[in-house]
Amino acid sequence: MSIFIDRQDRVLVQGITGGEGSFWTKHMIDLGTTVVAGVTPGKEGQLVEGVPVFHTVRRAVAERPADAAMLFVPPRFTKDAVFEALDAGIKKIVTIADGIPLHEALEIRAAAVSCGARVIGGNTSGVISPGRAMMGMFPFWIDRVYKPGRIGVMTRSGSLTNEVTAMVVRSGFGVSSLIGVGGDPVPGTRFAEMLPDFQADDLTDAVVIIGELGGTMEEEVAEAMRDLVFRKPVVAFLGGRNAPKGKRMGHAGAIVTGGKGTVEGKTAALHAAGALVAARPSQVGELLREALEGRNHKKERT
Amino acid sequence: MSIFIDRQDRVLVQGITGGEGSFWTKHMIDLGTTVVAGVTPGKEGQLVEGVPVFHTVRRAVAERPADAAMLFVPPRFTKDAVFEALDAGIKKIVTIADGIPLHEALEIRAAAVSCGARVIGGNTSGVISPGRAMMGMFPFWIDRVYKPGRIGVMTRSGSLTNEVTAMVVRSGFGVSSLIGVGGDPVPGTRFAEMLPDFQADDLTDAVVIIGELGGTMEEEVAEAMRDLVFRKPVVAFLGGRNAPKGKRMGHAGAIVTGGKGTVEGKTAALHAAGALVAARPSQVGELLREALEGRNHKKERT
Amino acid sequence: MKLHEHEAKDVFAKAGIPVPRSLLAADAEGAARAAVAIGFPCVLKAQVLRGGRGKAGLIKLVKSEGEAREVAASLFAGPHEVRKLLVEEAVAIDREVYLSITVDPASAEAVVLACAEGGVEIEELAARAPGKILRERVRLTEGLLPYRARNVAYALGLEGDIAKKVASLLEALWRVFRANDAELAEINPLFITKSGGVVAGDGKLSIDDNALFRQAGREPGRDYYDSDAAFEAAAEGIPYLQFDGDISLMCAGAGLTTVVYDLIVDEGGSVANYLEFGGPNYKKAVRAMELCLKNKPKVILIVTFGTIARADIMAEGITEAILKLKPSCPIVACIRGTGEEKAVEMLRAAGLEPLFDTEEAVRKAVTLAGAARVAGAAKGAVE
Amino acid sequence: MKLHEHEAKDVFAKAGIPVPRSLLAADAEGAARAAVAIGFPCVLKAQVLRGGRGKAGLIKLVKSEGEAREVAASLFAGPHEVRKLLVEEAVAIDREVYLSITVDPASAEAVVLACAEGGVEIEELAARAPGKILRERVRLTEGLLPYRARNVAYALGLEGDIAKKVASLLEALWRVFRANDAELAEINPLFITKSGGVVAGDGKLSIDDNALFRQAGREPGRDYYDSDAAFEAAAEGIPYLQFDGDISLMCAGAGLTTVVYDLIVDEGGSVANYLEFGGPNYKKAVRAMELCLKNKPKVILIVTFGTIARADIMAEGITEAILKLKPSCPIVACIRGTGEEKAVEMLRAAGLEPLFDTEEAVRKAVTLAGAARVAGAAKGAVE
């Protein structure tokens, strides 16, 4: 079983009739994802890539039960779409929307937590387990990035993920599951919340964290490692090491406010917890090898 | 152990320095209730009946942990006071406020349910276990009403409770615990939700329900009896049997809308579930005797 | 506080809910003028706070100025105390649906009720075919999110633009419900017009009395009550209902007063008014008796069993009221509760014979009222 | 979008938060007039969007008209691009506290931060003495209930009327936070005056850019940016930061661009501007290069690794930009991702030598910039 999404998961696509929705629905299916229904108000009765469309999520799941919802919905309608999916009992939701209002992002995360559901995103490419299933917008056809393998990846970024993952693959590894938690200040799901899944996943040997300045998600990973919630090797690469203080660089979430959120602080926390931190993308593969060998040595010794 | 409140429960009084607050705090203590702290913003440092006053509930419970909160707070501030008590982890709350705005009553009940807490009221005299403890405004000194005994009472009314309970006592019974759920359309706690407590209470042999037209609380009692959630004898007295349709009679909750909420319908439901329904207050004692004897006969037979 | 149709529609219109063009008229001539301004055919709707206006002949289609004047005159002259008419354009209707928002006490949520059959009495439908009523629950803290409105619109079998219009209208109705602290916000029927629009055919808005303090400008005037006494009682904060029987109830405690009403009917008596001077009003015995006397009752029946509403204070007030108002009808008093010993003394001093049993007091009142009726009839026969 | 102090205080005042009397001035003469109107002593406060204005000499107490004119003139003439001065009454302060509301991503709640020591840099305090910062979390759906405001006020050690005033001010600040879709609403310091009042000494209000669409009238003008290029980029929706180094970044993807910045600094290079034309802007290569050229960079460095931002489309744009803008500086390009084969062809046709490794591209850019600097210096020496 892969992380979050696998072939047998029944995926519903909200906003399926839009340009992005239909384009990526095709690619999700191409990659092996089981897309069972689509939702666009007013478009019930249509088919998109052979997938039947319904007016509402409630009507869709009444006929086609779903485990997961993939949202291709503009940012200002995302809260409504997430709540609609949650209300229908869907516990796994991915939203790619870039520009969700901050206060609504808080409400989305609060609602997900209180429902025991998981919302991935917004401002993410989504979730992929190469060769098995995908929810989002991943160019899985670029096989020097999305080569199947045994390394889990969690990331706050899009293009940087391509950059770093390509390095992982160039070093002879491949990806088990990749979770893009997104670049927003309030992502629906935080790095550390995914760690138990990676810990339990027997297809994952180690996890690469692609983090950046701002927020505390990397520190929370360090905490989970210290608390032994997560016990597999971790290699991190963190963007924004040289970013000037107080400037929001790139992602909305990537800003140092006060002393908090510096790459320096994150690096120290991760080091202290036993993670390896790469200074540049090209080091990630090498550190992975080091971490996995170190672990094997340890295993041999014990 | 009595229902809801007993001598060892540590009670905090919100609005303790007001006229009603201080008057009834004295009487609660007189009856045996353990009042540990009071709250009135701006009055920290005062004593009321020997009870120390704090600015906020949080400050009060930090020094004097409490299990229950008694609110003598005007209706328009009741939601705030209830949320303050809930936020401090208090799970038993009684509010006598008469006139809580309807939408706030919904929020109060929703919050209580989601916290796993119980809010009794508003628009009630409160809760009393005669001879043991009291939260509210009961003239326990009228001993032809508040005589200790083995009959549980649940009521939507105040003066009618005096009337009916006096009849119960006149027939030779006494009261174990009396819960005034209050006369509002949206009480914080509903009759049926108290039944498991009365079922488990070995000080209670039977329960008298003092209901009235409007709402569905009496029907829910019948349902709990049918589902065997509650298995002790029930005698009900219902006000508003002859009330004209569409007129709000007395309590805000006492109105028949559509076919729903008629005393006729409630009586039929209770009868079907095995409860006895008195036509006038003076019959209640007699029916109680009948119900308890019936039960004893049954017990003897089995 | 129940608003009149025209007030409810004003609130709706301000919230963006389409309503028919209309004018308000206070007499037949005004109605005729309004009808001309609106155009024919148009509808005259009596602005009274009762249901079933259609069946009661309080809503009439008129086709000419003369007919408008005539129909308006007969509505104003009728027995329903009509003070205002709403003169409204007639809408070309394709179909009607039912929409409302109210509260669900058990779930502690608001609930949208909807039905594809508009215009029906929802209670009647609830009894007859409950499956036809759609329910969509809404947590107050969450609000009515757009998807819930869509759930309702599509579940009603609507499609295309109409579904979208009904959904956004329902969102507006939610804002009305919340902003007005409503117990009920209802559109029945909601017209779906032949030209593809949606229009509120009727409007009900009932505001929570406990929240009136924050509803600026909402103060029920005389035309919200069915009698002067009821209006005056409301101004005083005294719960009061107008009936037309013999016995004036002057009791304390909502539940107890309701039961006294029950017992009187059981004994074959009839009630002149329901009046409850307990709770915060227990010092208002004089005002309470004044209100009762407006009904020229055959008997005043006083029943109390008070806690905070102290019996001695109430007895003191009753004594004062007797001295001041010198009621000519007999008074039956049954006062119990905190301070009752002192109360009994005072009542005796005032010439009453206090009783201690509610049912006995009711029987005595009914008997006295019956005797008075017989005496009155005899007197009438003599005259 | 960060508001200027005077804008934030306008919002505060409308929400019922007391602020000092003040006037806005756009030149030294206006400031002098304003100071006379406000009365002396008064405070001149430069309206710039940077922290630590006090330490930077951007807030000055003046005691006479002449001093006001002189100080204002020097502030306008200074290096901080001051365009407006807020001339504010001097308040007689008893003590200062800190109050703000922001978001807590992990708990998905808003959080009130408060400190009995006002005027301090909260971040500095957070590092130095985190225990002095009070935190009160607020669920958005619940709102800041009055009891939470009281919790904060009494926890600050306030008493009596002042505690009540601070609590109700905090409720108002919550309304500001919510109604303005704020990332941060801050009053630091909040003055507690000698006369027992509370007054917002400073005001910060930062509005979520993602919610600007529903914040009527909020559109950041030129004075919200530190360069023309930054302002123009914002108008275009292109993420842009102004620096003063040699290498213009014209990259795609926020994370990747940030890393390119890191790598340049690591290699000893310097950045002229951060510019990110990925995501919805991947067809805007011409506009992006135009913005970069405003900085007269020594090198333009293009790094992308796109998914939806297709490499071939970006390469097409770059080709067009080169033809149109004829940049005189060298361009280093490293374009990968969807459509990269075609992209590489196009770039070669445009005379570039595309690279495939980000780190290599960075090294090349830094080398070229260094060579250009040496060459420039040599040229300067020759001239």
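By letter and in written order, the chains are A, B, C and D; residue numbering begins at 1 in each of them.
The working rule: a contact is a pair of C-beta atoms (placed from the backbone, for glycine too) under 8 Å apart; a residue touches a chain by one contact, two chains touch by 3 or more.
The model shown is predicted, which means the values in this text are computed figures rather than measured ones.
Averaged C-alpha coordinates put the centre of subunit B at 28 Å from the centre of subunit C. With centres taken as mean Cα positions, subunit D sits 57 Å from subunit B. The geometric centre of subunit A is 51 Å away from that of subunit B, both derived from CA atoms.
Looking at subunit A, one finds that none of its residues touch two or more other chains. Each of the following residues of subunit D touches two or more other chains: 141-142.
Under the stated contact rule, the graph of chain-to-chain touches falls outside the line, ring, star and complete shapes. Across the whole structure, chains are in contact as follows: A-C, A-D, B-C, B-D, C-D.
Residues 141-142 of subunit C touch subunit D in their complex.
Contact residues on subunit D toward subunit B in their complex (touch as defined above): 142, 145-148, 150-151, 154, 159-160, 163-164.
Those residues of subunit B lying in contact with subunit D across their complex are 41-42, 44, 55-59, 77, 79-81, 83-84, 87.
On subunit D, the positions that touch subunit A within their shared complex are 51, 103, 105-106, 108-110, 121-124, 126-127, 139-141, 178, 181, 183, 208-211, 213-214, 239, 241, 243, 252-259, 261-263, 265-266, 274, 276, 278-280, 304-309, 336-338, 357-359. Residues 75-76, 98-103, 106-107, 109-110, 113, 125, 137-139, 141-142, 155-163, 166, 183, 185-187, 190, 210, 212-213, 215-216, 220, 239-244, 246-247, 249-254, 257-260, 279-282 of subunit A are the ones that touch subunit D when the two sit in their complex.
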